[in-house]
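You will see subunit A twice below: alongside subunit B first, and alongside subunit C after that.
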Partner chain A sequence: MKTKLTKSNLRDARTGYIFILPFVVLFAVFKVYPLIYGFAVSFLGRNSIRTVSDTTFVGLENYVKVLQSNSFWTSLEKSFQYALIYTVVVMVGGFLTAMLLNRKFRGRTFVRTMAYLPYVTNVIAIGIVLKYLFNPTKGPINAIFRAFGEAGPKWFSSPDLALPMTAIIGAWLAMAFNTITILAALQDIPNDLFEVADIEGASGLQRIRYIVLPMISSALFMLLTITVINSFKSYTTVVSLTNGGPASSSRVLSLQIYEDAFTYMKFSIAAAEGTLFTLIIIAFNKILDKVRAVWENR
Partner chain B sequence: MKKIVCTALLIVAAASMLFAQGSNESATASTEQRVVTTVCRASYANEEWYNRMNADFEAETGIHVDVQPTPGNDDDHDAKVNIDLLAGRTIDVIPSLGPKFYYERVEAGFFAPLSELAAAAGVDVNSVYGGYLPADESGEFYSVPVKQELWCVFFNRNLFDAAGVPYPEGPWTWDEYVETAKKLTDPSKGIYGSHMSIDPPWTIMLAKQEEIPLYKEDGTCNFDDPRWREAIEFYATLGNELKVQMSVEEFKNENASWNYYALAGDHIAMFPNGNWFTRLLNSQTDYPKDWSYGVAPMPSTGNENGANNLVSMGYVSVNKNAAHPEEALEYVLWLGENQWKYEGGIPALATLSEEDKNLAFSSVADASNGQVTVDEIYNAWINTGLGTTESDIIGTAAGEYDNIVEDELEAYFLGLQSIDVTIDNVVNRVNEAIKNVQ
Partner chain C sequence: MGKQIKNSAGSKALTLTAWLIALVALFPFFMMVLISFRVSGDAYEPFYYIIKPTMENYKTVFLHKNYLDWYSNTIVTVVITILLRLLVTLPASYAFSRLKFKGRGFILGLLLATMMVPGETTMVPRYLYFKTLHLLDTKWSIILPEITEVFYLMLMTEFFRSIPEDFSEAARIDGCSHPRILSSIFLPLSGPSIATTVLFSFINIWNNFLDPYLFINSIDKQMITPALKFFQERGGANIPVQLAGASLAIIPILILFTVTQKYFVAGVSSSGIKG
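Let's look at the complex of A and B:
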């Protein structure tokens, strides 16, 4: 059925377009254009400061170079390790914190504010403070270990701990968004269900398994998708805490892409890496979509 | 009514912006001041000598120097300058400290050729700069040298006095350096005889001094030459076995940065670095310390070809897209002859009068408040009996080569991989980097 466009409808439509215009313009300038430009550059031979104006089409040569390079696969592996730790901590931590904040206790508002604080604090500033707190020789945290006669872990300067520590801190910074969203979902669960569970004598774990998780599963899947995407955006956290070290032990792919582009001026290689990384993230989200569809249709 | 008020406000705002712009233009036009633009590291912008130098240039020539500092570390600065050049920005004068990107910028054609311009300005560059002028075979050059940074060993006089060890003097070898460091190291007091940063060239110092090629004749990586391995093992021995300096693990734990010796030199006896480090050691404001420093020449490897000091040149160039090319040329030529007087560095001039020599070194000696004398500086920097060789990695994919060496060596020093794996990794990764830019 066609709707007749009245003067009023046209005015409403125009108002709507005006409202979304700033977003569309900015999105096109800062997201769509760089994406297309980056994709195009990945097929050119711009891989040194000398050849940056080069418009020679090299086909898939940059992709072949990237796929054959050890550094790409090593960094990708680090990115996956980071993403795994980050996603688990954000999802589980966000859920547990939300469950806690859903209870009534004295000072709940204050605790909720505190829980949200890391999310709005500057990452670089947090990095500086945390590097001091976790300094193995001068930091107050290892001072506690030393009080018990132990040197304590090396935290960011240990090749084994640097990446997990960075991922956990990245997760802690991001967790508040999940906490708030899950908290809102929890508050939408009808109380009747819990009352019935109480009458049936359900345990706490049974209440979570049979009431809470099914009722907030849509919100959880939505958060999982966002968290997985964000888990690959680790550049700022890694740079502020370890800068990829020690000995490349926390060198994630986003850091490698940045360095290839802006330190070594290998723009086409970096563009190819970025394109492949984007495709991997898209593939991941497609898998998540499938899992969600299966879950919702079971 | 609301609509009318909003429209009126918008008109007023637009008109005020227009007139503000107009008044600015007319102000500029009325003074007609000549301007030259340049970039610098953020740390330079706050240094008294740098601002005084530009003020004196303005007083002498009437050209105002508009400085655009870049935040971040040296890598950030280089990246910003490279991006500016690539984007065709019209900033006039580009400094290149160290050769890492200098040669690439020249090859990329970012700089204006200066031979004809300098001749037209009446400057005989060959007699002024001699062998320091980075001219190609045709005699063309794209930069003017403003300074040379020569290496030396800084030492803590108080720790030498307390240990009853005579101050080091040249000529000496790395074996003698190690023996001296052993005498000064006292673990019970947390004192180390030596401190060397964990980056190149410290970690590959001996091979650099012997001028072992970084590339084979076919252009591939030459890091599998046994002398690189020996140099790396020498560095590792200092911290891990002899324990005359912090191990790399301790170094990382300490968050020891480029300025660590100036911050924590009270418990470190010796530290090889470029002469520029005197600026930090002379600054009681930024780096207050209660100990005195001295300077000694760099040790040599003891081998016939290892009697070389490391040197790094500083250049200034005129951007080929410069908005003010005449002013830029004037500024560049002026810096070549004058920057060292303000910075307290070593000039890159063909001939120096006795008065100039005295001025070059007395500015550092004066700023040290009696810690070092003109003679000591001259003997540690110039009168060493050593030749010179470039301190940095120069060549294809130089920046990446440098970072790969740093990464892989760090893994070796931390005990994560053997020296064989380290050498193999460096060679493979550097060859990959070379291939990528070809």
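Let's look at the complex of A and C:
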């Protein structure tokens, strides 16, 4: 009996490796290798169209150049500003929307469907109509301001608003994921807790503070992790809405990387920026994990 | 919650706010479709301004020499990717959820860890690497990296874990092989999970901008989403035509989403995040 069991265990293990092999190999070739390759390229001298296949090792030269350039730090700061606004809007907005859609009211199914709609569309398509709606001189939104004798904000073409606007639009498009997850977590809260709250005469805010938030805190922390990861994916949103402008006021790091690589052909510089950005994001996530662990063990 | 505030003014205000969220979400789509039926000169008239709808913009889009190419390129890419993704992900998920082998937890952990690296930080090495593989300017530059997405691996693994152990045990005792158990017991049970995978894959690949924008150069080989940007830049300032192009480009996902909304909600809330 015992030998038979180990034999079948061995067979199981072999099947296991065979079953994961295609996934792991494709993943290694197309997902992991580019990461390592980027790290390697960042130490080479591929900084012009003539040296695109160059293999000269230049040490830390690219990193020194990147760390000394103003544009790297400015665009890194823009990326973090975007990430911060995005995360706050997605987390708070997603939670509030879930609370609103969790109530019973007429037309709830329709309202929910509409609230999920932005999530399935892309910002390139919807960006065309958003730029139309927010057009400062002719758009319908500023028509409301004009009705009150004001010119209204310049939205995407205002240096102060361009970045927050793109972050808010990015967040609005992504928010439904959080809303749906929180709605599911809310279903798991035992009803007796609310019945007790009814008897005690707790206010709506007290319910949120003492029942809802503690009961869904683990879901919220998971969502925070995912939201923070997604908050650094700003390229498509920025390109479609402002293209980094006006006057590079919304030029996030990924735009800088794209430009350095594909406009100026400084591939190794761009690879160094990409590697630094990856390391910063990983470090940032690690810190967040620590904060979470401290919070949960308090 | 809040039974005692039912029908009060506060409750009405909350319902109104919920409706407002829905209307704000719907408004851009409504305007997109509405303006796409106007002539260029009427584009900025208010939304209640009644005009005679024109089909000219849609005609312009359809007559554009590449629009239908972009559409069919995207559909072909989406279909191939989904098939290969399922083919590779299903056995891997079965192994991670049911088979014991050395390094299982370690490999799964490693796969998960890479999820936090955004694709845009690695666009340069991916471009240079795909160039050496001669993948640039082909749909394979999109398909091959898309086959293995950890999100779907987790989705299926979580689902397979929820299938009672007895099912596979009984089949094992009857002498069923693992490929057999996967194909004749697990697969028939996974309809909803597969539907979720198909739906999310469709939406994500259809909406992918950066990868095709980076890797595909020839305009006739481009995918629909990055092509919209091209269409916008080269199509001149004709907003109704741009909006007609954008409306047509999001119709498939909107239809798919409304028809399979159940799976969409299930997919988000079952992706192991609920905690």
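Here, the second predicted complex is superposed on the first by the 271 of 298 C-alpha atoms of A that agree within 3 Å, B and C clash if a C-alpha of one lies under 4 Å from a C-alpha of the other, contacts with A are read in each partner's own complex, and residues count from 1 in each chain.
Definition applied: a contact is a pair of C-beta atoms (placed from the backbone, for glycine too) under 8 Å apart; a residue touches a chain by one contact, two chains touch by 3 or more.
Just so you know, these numbers come straight off a predicted model, no measurement behind them.
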item: Touching partner for A:Asn135 - first (subunit B), second (subunit C), both, neither; value: both
item: Partner chain in contact with A:Pro34 - subunit B first, subunit C second, else both or neither; value: second
item: First (subunit B), second (subunit C), both or neither touched by A:Ile281; value: second
item: Partner chain(s) touched by A:Ser250 [first = subunit B, second = subunit C, both, neither]; value: neither
item: Of subunit C and subunit B, partner touching more subunit A residues; value: C
item: First (subunit B), second (subunit C), both or neither touched by A:Pro159; value: first
item: Touching partner for A:Arg50 - first (subunit B), second (subunit C), both, neither; value: first
item: Which of subunit B and subunit C A:Ala13 touches, first, second, both or neither; value: second
item: Contacts of A:Ser69 with subunit B and subunit C, given as first, second, both or neither; value: first
item: Partner chain in contact with A:Thr87 - subunit B first, subunit C second, else both or neither; value: neither
item: Subunit B and subunit C footprints on subunit A, overlapping residues; value: 52, 135, 262
item: Contact set on subunit B toward subunit A in their complex; value: 75, 78-79, 82-83, 86, 101, 104-105, 107-108, 249-250, 252-255, 397, 399-400, 403, 407-408, 410-411, 414, 416, 428-429, 432-433, 435-437
item: Of all residues in subunit A, those that touch subunit B in their complex; value: 47-53, 65, 69-71, 131, 135-137, 154, 157, 159, 245-249, 251, 259, 262-266, 269
item: Touching residues (chain side subunit C, partner subunit A) in the complex; value: 1-5, 10-11, 14-15, 17-19, 21-23, 25-29, 31-32, 35, 43-44, 46-47, 87-89, 91-92, 94-96, 99-102, 104, 107, 111, 114-129, 144-145, 147-148, 150, 153, 178, 203, 206-207, 209-210, 214, 225-226, 228-229, 232, 239, 242-243, 246-247, 249-250, 253-254, 257-258, 261, 264-265, 268-269, 273-275
item: Touching residues on subunit A, where the partner in the complex is subunit C; value: 9, 12-20, 22-24, 26-27, 30-35, 37-38, 41, 46, 52, 97, 100-103, 105-108, 110-111, 113-118, 120-126, 128-130, 132-133, 135, 138-140, 143, 176-177, 180-181, 183-185, 188, 194, 198, 204, 207, 212, 218-219, 221-223, 226, 229-230, 232-236, 239-240, 254, 257-258, 261-262, 267, 270-271, 274-275, 277-278, 281-282, 285
